[in-house]
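Some structures to go through are shown next.
One chain, chain A, links the two complexes that follow: it is found with chain B in the first and with chain C in the second.
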Partner chain A sequence: MRNSPAQSVFDFITSRLPLYKLNMKDMVTEKEVPVHRMSWGYYLGGLALFFFGIQVLTGMMLLFYYEPTVSEAHESVEYITHFVTMGALIRNMHAWSASFMIFCVIAHMLTALAMKAFAKPREMTWIAGVLLVMVTFAFGFTGYLLPWNQIAVNATKVGLASIDQVGQYLPDALSHLAEEVRVTIQGAPAIGQATLSRFFALHVVILPLIVSGILGLHLLSVQLHGMSQGVEDKPKRKEKFFPFFILKDFKEWGIAFLILFVLALCLPFDSLFPYPLLEPYNALGSTPDGIKPEWYFFFVYYPMEMLPFWVIIVVMTIATLGLFAAPWIFRNSSHKTMRWIASAVAGYMIIMTLFGEQIYHAVKG
Partner chain B sequence: MRQISLLLVLLTGWSAASAYPEFQRFSQEHGGQPINCAMCHASGDGPEGAGRGQIGSLTPDELNRLNAARGAFAAGVLVESPILNEFGNKIIYQIGKTRFLELRAHPEQLADAYGFASDLDVDGIPDAQEYLDGTHPLNEVHGNPWRLFLHNLAAYKLHVFMLALATAAGLWGLSHLLFGLAQRTRASAANHNSN
Partner chain C sequence: MLELFAFVGLPYMAILICIVGVVWRLRKDPYGVTSLSSQFLEGKQLRWGSLPWHFGILLIFAGHLVAFLIPGMWQSLMSVPWLLVSVEVLGIAATLLCLIGLGVLFFRRLTTGKLQKTTKLADFVVTSLLIAQVALGLMVAGGYRWGASWSTGTLTPYVWSLVTLSPDVSVVRDMPLPIQLHMTGAWLILLILPFTRLIHMVSVPIHYLFRSPQKVVWSNPRRHEQAVTARVTQESRRHFLKAAFGLGTAGVLLSVGVLDKLGRFFQMPGMHKDEEANLLETRLRRLQLTAEEKELELERMRAEEIFVARLSELNGQAGKYFIDYAMRPGLAFKGEDGWPMLLSAKCTHLGCTVGNQVDASGRILCPCHVSYFDIKTGMPNPGAPAKAPLDKIAWVVRDQNGSEVATESARGSRTGRIDVAIADTCSLYIVKSLTLEA
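And then the complex of A and B:
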């Protein structure tokens, strides 16, 4: 006899969130983690979580001094950097850990793809993870504007202008929609105080609330299901989650903290940019050379500069839908196929991030 | 007042007050990154205009200081030109206006003429090196990343060592705590089973 739709939905949810495993035995004492050649991938999610924690802590400290107004924002950031005790260290830790977090989130997603960790019954874990990747990018985009310097405002302008471009590919009746979306995000027809206020609210309140909900679901489902098998054949060896795996996790966090601290102490994030880009934004001045988004947007930014915009829209739509639907699209794919796909995506992202600018100059002349 | 200031500047020689792009061009090419007038001038847009640190906005007192700086032909004369920043003024102090104007034809020699002893922002990179690298000589968090890293690492080596020690000690303690907890959990589970 066929189940009713309501029963099917209930069965789906209970099998994806087996709350009966919410006990010490299943989640701590008896829990095991497979050991194989791709086991290193199991630690990336924890590292991303660690850097997220650093973001929250340092972000809260910066909030004590940061002023989200166009007249004060840049000055307050300068004040934090040059006059607040350990202000430069905290600000650098925030900036460096943002980049590390995004790196870990992307690497975590690609290794999960390579290990086919989205397979039944982990579909919800995967979808929550894809949503987390998107929210992480949104964190990066909104946070980039807050120092209100030349690169922040001009790069945000470039990003927001790309929304307008979508309008030309929509039917006439809907073509104004893209501009309306852009103005809604911007808060006004031109970038200004309304934009800064909205990005600040998104960065420090709305996105953290969204992320805590999705992250809670992601972590709960990871804990309930445990680590996926990860490789084609059943791993010959397993190790106890508690205390062995968790201790290795903490050790990696310790090393990550040490690296982050040394970088934040010794290498100011601002030194990676030409100094004219760090000057306060001047709406009446000319746009300085060298404006580009943060490195983690290069994989989409440089193709956008080289290819017709419709190509980007089509590819991005397919990629996004493909990511969400991966558990069903690749249901019957082997681990080897998944490793090839993940490697190809990783290769593309590495090449575009490291050599995107050179490729752009080679293509455009 | 502003009109009078502008008139005074015109009378005392406008061309002498304009920026010297030869140095900017050299620093930009040598450093491999875009720079602007803010390396030596009070304003990133250079001395011309009516903005802050530009000629059009100067008060009579500032104009006097500007003229005094223009007359500092020999090295060793302290100048406080309001259109220059601390680095710009120090260049005139170190080498004098005459030598500075001569170096327009050889901007690559400015670093050597200025010398590598001065480090105005105390970031460990001499001002002259910052000129060569195209980084800001008055911003202690701006400089060639590698040079800054090495200098700061040497300056903070004790902090780094202490932190490494604290991290290692913390992890050592944590591992003992976790193993202890695991042992206790196993023992209590064994007791529970035997009962």
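And then the complex of A and C:
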């Protein structure tokens, strides 16, 4: 007997978002986590969530002193760093935790890929996750500009200018479109107060709102579906989510916090930058040497420096579509294949992040 | 006389009776050396009484003991203010814990029917004595602050003088009454210890904490099964409690440290007057810079021509930066023919600002992705990331009377002629009309 179309839509939704499981028994007391050699992957999402929490908290604290205007932004950040009690600590925590969060988010995505966690019925969870990765990068990009120093503004300038580059591949009638997009994002033909205001609004209001929506859906569906099996064979052992897994989760959070706190106390995140890059942005001077984005953009930045731009566009588009469509593309792939794919991507990311600069110099001479 | 009895006679008597009494009890009735536990009769209230009391008194006792055993080291530790405050706070908290516990225990004895069958007068005496002693301790801690520190120089020598059999009451003789009473109370408790349930202090099963779990093997299979299940449950319970305790402690320690830091973040920073003035000055400077930038922008909206430089200031080695009509940076050079050359300094690759130093082959460098631009044509070097040439910028040169001498449009078409004789008196302007024409 065939179902009516309405019935099949309903079935599709209930199998993806099984709200009938919205109870203590299914979500807490009887939830179980498989134990196998990839189980460490189950903690990464929680860690990313933890660092996001730190970001929200420290971010709100920084808001008490930060002033989003081109004339005041840099001074207010300096004020936080040098005069506010524990201001440097809070700012360092925000910056270090941002890096940690991005690391965890990427690692979480790759392990989910390796464990084929996106397979039916978890497609929505996966897509929400991919969106969250993108929003996380958007957080990084917008937050980077806010201190309004030389490296921040110039790197943002370079990042946004790459949008213009798309124009050359569009048909003549549309070729100005790319520039218009950039100007709309910037709010003005050149980066200035309008850009800062927009990025500020994005960073502290709009992106957090977007995240809370998507994250809610992501977490809800994780709890509803339970953990994916993760490996080929049915795991021999399972452990209870409550209290065992969640206690371990908290333990990881405690360790993460300790590391973050000590690091933020001891090492200013910007001690790795050469000095003049942290001076206030000077719109009239020349661009200083050594402008580059944050480390988490290296995997796309260095290829962009070395390869023709159209290659980047094509690869990025394919990669993005591939990520969204993974649940359907890899529907029949084995766990082993997925592990290979994820390892290859991870290998590429690690090499590009660590050695991108050397590779770039080797290629360009 | 009374004084001598209270500070010398009573202590020796108490110690003596305590030792002799305990030995006597242990020999006479070794299995009677217990706390006479009433947990079987009533457990719920006992938990809320016995646990706080024991935790509290153990901590307090430990505190008294270190002041007695290592007075020198303790004294130097207690000279650190925050440590002293922490110890005192901890002590007072433990004292309150004791009082709460004793209160519950006392109330329980009074109100639970089952218990009263086994309650003797001695139990009330013990409890009352303990309550009085703890209350006195609290009075001392509250009324004569920082006992953790001052006791090492006063009470410790006194107790040691007793131990070394050369009693010296000179310090304690003039102490305030509550302290003296607290000391007397301590000797009294020691005195009655062998004859009451307090005797359980010498039979605390400390080894229970360290021995491995005992496995009871039953020959009956059903009982055996039950025992195993019970043991597994107990072990998982133990694991959970251990983990929860560890995490709880870590959590408390972390939050104390962290909340301290976070709290101070919101306090107004205490700044020196000079610092405040310097900060204000820097802020003002930044505001002025922004204002100047806005003025430049307004000028570019309104003015038909904008002054760039006097011709005499320009040369072919280092370009002079200016801001063009689109608020982008521009560079002005002087060519070999004496004519000015104006180029946009915004790199055609990704918009960085190009450097102004001209190299040996007449090129300027964009530092972002290493493109070299020829200053004559604006063309990038072959293979550079930048593909398009830097834009030319239209200009006009006027002599000192303001009359037009020469122009060049953005497309490069020139009019007029620059006379070498008067060149140095001429000035260079960028022109809106010629810019728009391009």
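Keep this in mind: the second predicted complex is superposed on the first by the 358 of 365 C-alpha atoms of A that agree within 3 Å, B and C clash if a C-alpha of one lies under 4 Å from a C-alpha of the other, contacts with A are read in each partner's own complex, and residues count from 1 in each chain.
The working rule: a contact is a pair of C-beta atoms (placed from the backbone, for glycine too) under 8 Å apart; a residue touches a chain by one contact, two chains touch by 3 or more.
Predicted model, so just to flag it, every value in this text is computed and none were measured.
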Combined model on chain A: chain C and chain B, fit or clash: clash
Partner chain in contact with A:V262 - chain B first, chain C second, else both or neither: first
Touching partner for A:L247 - first (chain B), second (chain C), both, neither: both
Partner chain in contact with A:T81 - chain B first, chain C second, else both or neither: first
Which superposed partner A:E279 touches (first chain B, second chain C, both, neither): first
Partner chain in contact with A:P288 - chain B first, chain C second, else both or neither: both
Which of chain B and chain C A:T29 touches, first, second, both or neither: first
Which superposed partner A:N154 touches (first chain B, second chain C, both, neither): second
Chain B versus chain C as contact partner of A:S271, first or second or both or neither: first
Touching partner for A:G187 - first (chain B), second (chain C), both, neither: neither
Selected from 224-232, 242-250 or 296-304: the stretch of chain C that, after superposition, runs into chain B: 242-250
Chain A positions touched by chain B in one structure and by chain C in the second: 243, 247, 250-251, 254, 257-258, 261, 285, 288-289
For the chain B and chain A complex, residues of the former touching the latter: 33-36, 38-39, 44-45, 134-136, 139-145, 148-149, 152-153, 156, 159-160, 163-164, 167-168, 170-171, 174-175, 178-179, 181-182, 185-186, 189
Interface residues, chain C side, partner chain A - complex: 240, 243-244, 247, 250-251, 254, 258, 261-262, 264-267, 269-271, 275, 279, 282-283, 286-287, 289-290, 293, 321, 323, 326-329, 345, 349-356, 366-370, 385
Contacting residues of chain A [partner chain C, same complex]: 61, 64, 70-72, 74-75, 79, 83-87, 89-90, 154, 157-158, 161-162, 164-165, 189-190, 243, 247, 250-251, 254, 257-258, 261, 280, 283-289, 291, 305, 364
Residue ranges of chain A in contact with chain B within the complex: 24, 28-29, 81-82, 88, 240, 242-243, 246-247, 250-251, 254-255, 257-258, 261-262, 265-268, 270-272, 274-279, 285, 288-290
